[in-house]
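Handing you a structure now.
A, B, C and D are the chain letters, set down in written order, and residue numbers restart from 1 in every chain.
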Amino acid sequence: MSKIKVAIIGCGSIANAAHIKSYLANPNAEIMYFCDLIQERADQAVINSGCGKAITDYHIALNDPEIEAVSICTPNHVHAAISIECLRAGKHVLCEKPAARTYAEALEMQKVQHETGLVLNIGVVNRFNTGVNLIKKMIANGELGELYHVYVSFRSQRSIPGLGGAFTTKAIAGGGALIDWGVHFLDIVMYCSGDPIPKTVSGQTYSKLGLDIPNYSYLNMWAGPPNYSGTYDVDDFVTAMIRTKGPTITLNGAWAQNIGVDEMYIDFLGDKAGIRLQYGNDFKVYGAKDGILLETSPSFKSVDMFQNEIDSFLDCIRTGEKLPSHIDTVILSSRIIQGIYDSSELEREIAL
Amino acid sequence: MSKIKVAIIGCGSIANAAHIKSYLANPNAEIMYFCDLIQERADQAVINSGCGKAITDYHIALNDPEIEAVSICTPNHVHAAISIECLRAGKHVLCEKPAARTYAEALEMQKVQHETGLVLNIGVVNRFNTGVNLIKKMIANGELGELYHVYVSFRSQRSIPGLGGAFTTKAIAGGGALIDWGVHFLDIVMYCSGDPIPKTVSGQTYSKLGLDIPNYSYLNMWAGPPNYSGTYDVDDFVTAMIRTKGPTITLNGAWAQNIGVDEMYIDFLGDKAGIRLQYGNDFKVYGAKDGILLETSPSFKSVDMFQNEIDSFLDCIRTGEKLPSHIDTVILSSRIIQGIYDSSELEREIAL
Amino acid sequence: MSKIKVAIIGCGSIANAAHIKSYLANPNAEIMYFCDLIQERADQAVINSGCGKAITDYHIALNDPEIEAVSICTPNHVHAAISIECLRAGKHVLCEKPAARTYAEALEMQKVQHETGLVLNIGVVNRFNTGVNLIKKMIANGELGELYHVYVSFRSQRSIPGLGGAFTTKAIAGGGALIDWGVHFLDIVMYCSGDPIPKTVSGQTYSKLGLDIPNYSYLNMWAGPPNYSGTYDVDDFVTAMIRTKGPTITLNGAWAQNIGVDEMYIDFLGDKAGIRLQYGNDFKVYGAKDGILLETSPSFKSVDMFQNEIDSFLDCIRTGEKLPSHIDTVILSSRIIQGIYDSSELEREIAL
Amino acid sequence: MSKIKVAIIGCGSIANAAHIKSYLANPNAEIMYFCDLIQERADQAVINSGCGKAITDYHIALNDPEIEAVSICTPNHVHAAISIECLRAGKHVLCEKPAARTYAEALEMQKVQHETGLVLNIGVVNRFNTGVNLIKKMIANGELGELYHVYVSFRSQRSIPGLGGAFTTKAIAGGGALIDWGVHFLDIVMYCSGDPIPKTVSGQTYSKLGLDIPNYSYLNMWAGPPNYSGTYDVDDFVTAMIRTKGPTITLNGAWAQNIGVDEMYIDFLGDKAGIRLQYGNDFKVYGAKDGILLETSPSFKSVDMFQNEIDSFLDCIRTGEKLPSHIDTVILSSRIIQGIYDSSELEREIAL
C-alpha cells in the first residue's frame, strides 16, 4: 500500500507540536508540502522534518493530484474557507479546532463535507484520550445513574496566548477563552454525555484583563511575546448556562482572572455516582453505598492523543469509517458556543 | 436603663446554638419566655439558661406588655406569619433566615414592618462577620476595580440536614439547598457588591440524592437522624445565573452530590483585583502590578457573629438605627431566590 | 561593534552549567579559548560549544591580545592568583564566588583591580535575581520599617559536594559550607540590607559528618562521587552571630546534619514588616495593620540569573559601569566570613 | 500519714491552670490558704476548689505552723523575696519559673536553700515531660554521638502576653520573651545536654513590636486584654550564641515578629544522630547508616507535666530526695539568661 501524501497548511505552534511529528511517526503517511505565509516557518519545518517542500501558497498543494490529505493548522478565520476549498479540490481534511469562527461557517463546512463525501475531521483531540473515552463508556452504561448536571471550569490566573496577536483579534480568532479553550471542554461534555440536544443557552463574556496590553502582568505566555500595538477584542472570561434534553451544563472559563488558582476540570453529576475529570489528566469517580462513600481513582496508560488523532485520520481515509471527530459530531458544540456569544450580546437567554 | 425583655419562639438548634447564649451574654437583655410546641424543649431551655418561663403558645408572650423583643427561630413556614403577628403586637423582631418561604411572604413582612415602624431584622448573620465587612469595604473603595463577575460555590458531598424532617419538606422549609444555604451566600454577594439590581434570573434545581431516604449514604447529619418515613421534596442541587446592573452572578450549590469535595467559597472577580472568600473563614486577595502577581492573606480576630447580631439587634431597638440586616436589605436576595425557583419550573430564564 | 573575545579558565561544572551557555547566548561575545588542566574537559567544551580552542595553559589566552575578557571557574585556591594575573595582563575578569579563600587574598584582588581599573566582578549571581532585587528595593524604601535582625538558615541534611575532592580540601577550597554556601546567603543579606558595617563577629564551625568518608550516608552528591582516599578537613556546620551598624545577623548552615529537613531561607525582621525569602525561590511579606495580619506572596517571572550576570559583565566592559557584583561590593562579606573562621579558631568573638 | 498542708501564694492563671488542680488531685495534699493581693481572686479560688481560706497577706500562711509547703505563683519580681521568706519561715517551696528576675536574685535564693536545707524547687515543668526525659537518656547513652550544636527556636508571630501589664514591665517580670519563654527552652537544653558549663555568652535583645501598644495587631492574647496606658519595656525578640564545654547553643526567640510562622523547637545535632523536639510535643530522631537515612518518630503516652511536678514536690518533701527541678539545677540557665541580657547591653560577647 502506498503512503498517503499529506500537505500541512500553517506551520505554527500546533503544527509543529502535534501534527507534523505525528505524521512523521506514522509509516503510512508522507508529508510533501509545508505551507506557511511566512516563508521562514515553512523552510524551518522542512529542515526539522527532513522531507517535503516549503511553499507559501497552499494552492500548489491543492493542485498536486498526489496529495490526498491536508492538515489545516492556520488561524481560525481561514479554517472554513481553506477546508471547503480543499474538499472541493478532492482532498481529505483534518482541520484544527475550532471548526470555524462562527456556527454559520461551521454549517457551511458540514454542507460541503456532505456534498463531497470526503473526510472532514476537526481537531477535537480529547476524543482520542483514554480517560475521556472511559468516562463516555461509564455514562453510557448507566454507572452514574441519571446525569443531571455538568459543571465545567476552565479558569486560569494568567494564560492569554499571544496577547495582541491572532489569538486575541476577533476577526481572526472568532473569540477568546470560550472559542479557544471552551471548545475543548464543551466537546468533552457533549461527547461523554451522548450529545444531548441543547434547548436554551445563556451566557456572558467579558474582555477585561488583556485590554491594557502593556500593563498586563503575567508569568509566562504561550504564543508570546505580547504585541504592544496589537489588538485585544476577545473574551478573557465567560460564564454560561445551557439547558439540554439531558443535563444542565454550566461553565466558568477564564484565560485570565484575578483569582490565583487554576481550576481546569469537568464535574459530571449523576444520581448514582459522579466524576471529576481533571482536564488533560486523570479522573475520580465518587459513589456511595450502604452508608459508605466511595472515591475511586482509575489509573491508565497515558496515550499521545495527537498521534491517535492523526493515525485515525489516516485510517479513516482508507476505510471510510466515520470518526468521533467528524464535523457532524462537533456541529452541536459550535452551535452552543455561537449561542453563548449571541446571548452575551443580547444580555438574555436564547432558545435554540 | 432597664433590661430589654425578650421572648424566644422556637427552641431548636439555632436558638440554642446562637440566640439564647447571645442574649444571656448581653447585660442589657433578659429572656422571659422560651416557647416551643414541644414542651420538653422549652423546659430544657429554661433549665439550661437559669431564667425565663417555658411556654408552648407564643401568644402568651405577645400578650405580655413587658416583652419588647422576640427572636423567631421556628421552621421557615411560620416565619412570615409569626413575624407579622409580633410586629402587630408591638414587638421588635429578629427572625431567622430565610425571611420567608417565598418572595410574596417576604414582601408582606416588609410591608408590615413599614407600617409599624418596629425593628424587623433577618438572621443574615454574615453581615456581622469581620471578613465579609472588609471585603465590602474593599469593593466599595474600588480596590477590585470594576467587579464584573461573582461565582458562588456552596457544594458539599453529603450535608442534607434532618433528612425527612422540616428541612426537607417543601411546605415547611420552602426549599432545600438554595433557600437554606444559598440565602447566606447570595446575601454576602449582594451585601458586598452594593446590592446590584437583578435583571434576569435563570436557574435549575434538582431533587436527587435524598429521594431514597433509607438508602441515603452519609457520614454526619446536622439536625438528624433521618426520618425514614418523612418527606423529601426539596432541592439538593441548584445551578443559576443572574444578570444584574453590576456583575453577573453564577452559582452551583449542593446539599449533596456525588463529587467528593466540599467547595464553599465566593469568587469576586474585578479587573484590578479579585477575592476568594472561604465561607465562614478567611479570604485571599489577588492582584497584579508591574509584571508581579500578588496574593495577600489577611488574618484577623475572629468574632462571634451571632453575638454581634444579637447585640446590634438590642442596640437598634434602643437607638432606632437601621441595621444591615434590616428586612429591606434582604428583600432583593429573596426576589432572586424566588426567581431561581420560578425559572427552574418554567425551564427558562425570567426577566425581573 | 565587534564581539568581545572571551576565554574560559576552568571547564568544570559551573563553567558548563552557567558561564559557557550564557556567553554562547549573548550575540556580543565569542568564546575563543576553553582552558582546563584536564585536556579532555577542555576538548569536550569545544565540542559542545562548536567554537573556540582547547588549551591547558591559560597563559596562552593571557598572551593573546584579542582576548578582552576572562571567566575564572577554577577551584577557589587559584581565584586570587589567576584573577590578578589576568588583570595585570589587561583582561577584564569575572571570577566565580567566593572571591578567594581568605580575606587577605580578596583584598589583594581588590587592590589590583583598583590599580588597573579593569572590570573585576565576582560570581555573586543572586544579585541578578528578580526577587532579591525586589527585597532590596522594599528595604531601601522603608517598607519593613527598621530592619533589626536577619536570620539566615542554609541547612541541608546531606549535601556535601564532591566528598574527598577539591570542595572538601581546605587548602583548595578555603573552607566548606560557610565559604561555599554561606557566601551566597551573606551576600544576599549584605546586598539587601544596604551593606551595614560589621562590628563584631562570633562563629563556630564544625567538621563532623564527612570525616569518615567511606561511611558517609547520602542520597545524591553534587560534584561526586566521593573520593574515598581524599581529604575532608572543612566545615560541614557553622553557626555565627554578627553585630553590624544595622541589624544583627545570625546564621546556621549545614552541608550535612542529622536533622532531616532542608531549611534554606533568609528572614528579614523589620518593625513594620518582615520577609522570608526561600533561597533561589519566592518570598513572602508579612505585615500588620489595624488588627489584621497580612501575608503577601508576590509571583514574578523567573529569570536566568547567570545569563543576566554574563550579559551585565559584557555590558560593563563596554560601558565602564560599576556592577552590583563588583569586587568592592563583596569585600565586606569576605571580611565577615574570615571573621567567622578566625572567631571559631579563637573560640571567642572578635571585634572588626 | 497526715496530709501535707499547702498554701498557694498568687492565684493568677498559672496557679489556676496548673498548681491548684494538681494539689487537689493528689491525695496527700491539702490546700489551706489561697493568697492573692486581689481579694476576689483568692475568694474565687476557694469557691472553685471547695477548700481552704482566702487571704491577701501571705504572712498569715507563713505564721501558720501547720503549713509545710508553699507554691509561689506571683509575678517574677517577688519570687526571690517570698521564696526566701518562706524558707526562713521553715516552709518547703515550689516557685514558678523563672526562679527570679536576675542571676543575683537566683543566687540569693540558692544560698538560703543551702542554709535551710528545705526544698526549693523551680517550676521548670518540662523536666517532668516524658519526651524530654527520653531525649536526655538518649544523649547520655551516646545515641547521638558527640553533641556538637543545639539550635533553639521559640519564635511566634504574635504572642505577647498581657501587653502593658506585669508580663511586659521589666521591673516586674525582669524581661520578656527571653525570661518568659527562653527559660523553658534553655532549661530543656541544659537538662538534656547534661548541664554543660557555659564559657561565653553573646546576645542581643530587641523591644519592637509591642512598643506602640494601641497599634499592636494580634489575633489572640494570653493574659490579655492589653492595657493601653501600661508599660512595655521588655524584649520581644532575642538572638544569642553560647559556647559551652559541650555543644555551642544558638537561639532565636520572638514573642512577636513580622514572620508568619510559629517555630517552636530544639535541634540537638550529634555526629551520629540528631533530634528535633517540637516544644510541648513529640520529637523525631534522624540518623544514617549504610547509605540509608533514617527518621524515627517515637510515640508515647502524654503525661500531665504539672501533676508530675506537684506530685514530685510533695514526695521529695517526705523523702528528702533532690529533684531535677531543684534550684541548683536551674542556676546555670539563670546565669546564661543574665549573660544574654548583659551582653546585649554591652553589645559584645562576655566570658563567664
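In the analysis below, a residue touches a chain if its C-beta (ideal position, glycine included) is under 8 Å from a C-beta of that chain, and two chains touch if they have at least 3 such contacts.
A quick note: this is a predicted structure, and the numbers were derived from the prediction, not measured.
Colleague: When I count C-beta pairs in contact, which pair ends up with more: A-C or B-C?
Modeller: Looking at contacts between chains, B-C has the larger number.
Colleague: Which option, C-D, A-C or B-D, should count as the same interface as A-B once over half of the contact pairs match?
Modeller: The pair repeating the interface of A-B is C-D.
Colleague: Calculate how many whole Å lie between the centre of chain A and the centre of chain C, each centre taken as the average of the chain's C-alpha atoms.
Modeller: The mean C-alpha positions of chain A and chain C differ by 48 Å.
Colleague: At what distance in angstrom does the C-alpha mean of chain D lie from that of chain C?
Modeller: Centre separation, chain C to chain D: 43 Å.
Colleague: Give, as an integer number of Å, the spacing between the C-alpha centres of chain C and chain B.
Modeller: 60
Colleague: Quick one: which residues in chain D touch 2 or more of the other chains?
Modeller: Where chain D meets two or more other chains at a single residue, that happens at 218-219.
Colleague: Given which chains touch which, is the overall layout a line, a ring, a star, complete, or other?
Modeller: other
Colleague: Kindly provide every pair of chains that touch.
Modeller: Those chain pairs which touch are A-B, A-C, B-C, B-D, C-D.
Colleague: For chain C, which residues count as touching chain A in their complex?
Modeller: Against chain A, chain C makes touches at 299-302.
Colleague: Note which residues of chain B are touching chain A in the complex, please.
Modeller: 144, 146, 148-149, 151, 157-158, 199-200, 202, 204, 206, 208-209, 217-219, 237, 239-241, 243, 248, 250, 252, 254, 257-261, 267, 269-274, 276, 284, 286-293, 295, 347-349, 351
Colleague: Across the complex, what residues on chain A touch chain C?
Modeller: These residues of chain A touch chain C: 218-220, 260.
Colleague: Taking the complex as given, what residues does chain B use to touch chain C?
Modeller: Per the stated touch rule, the residues are 134, 291-301.
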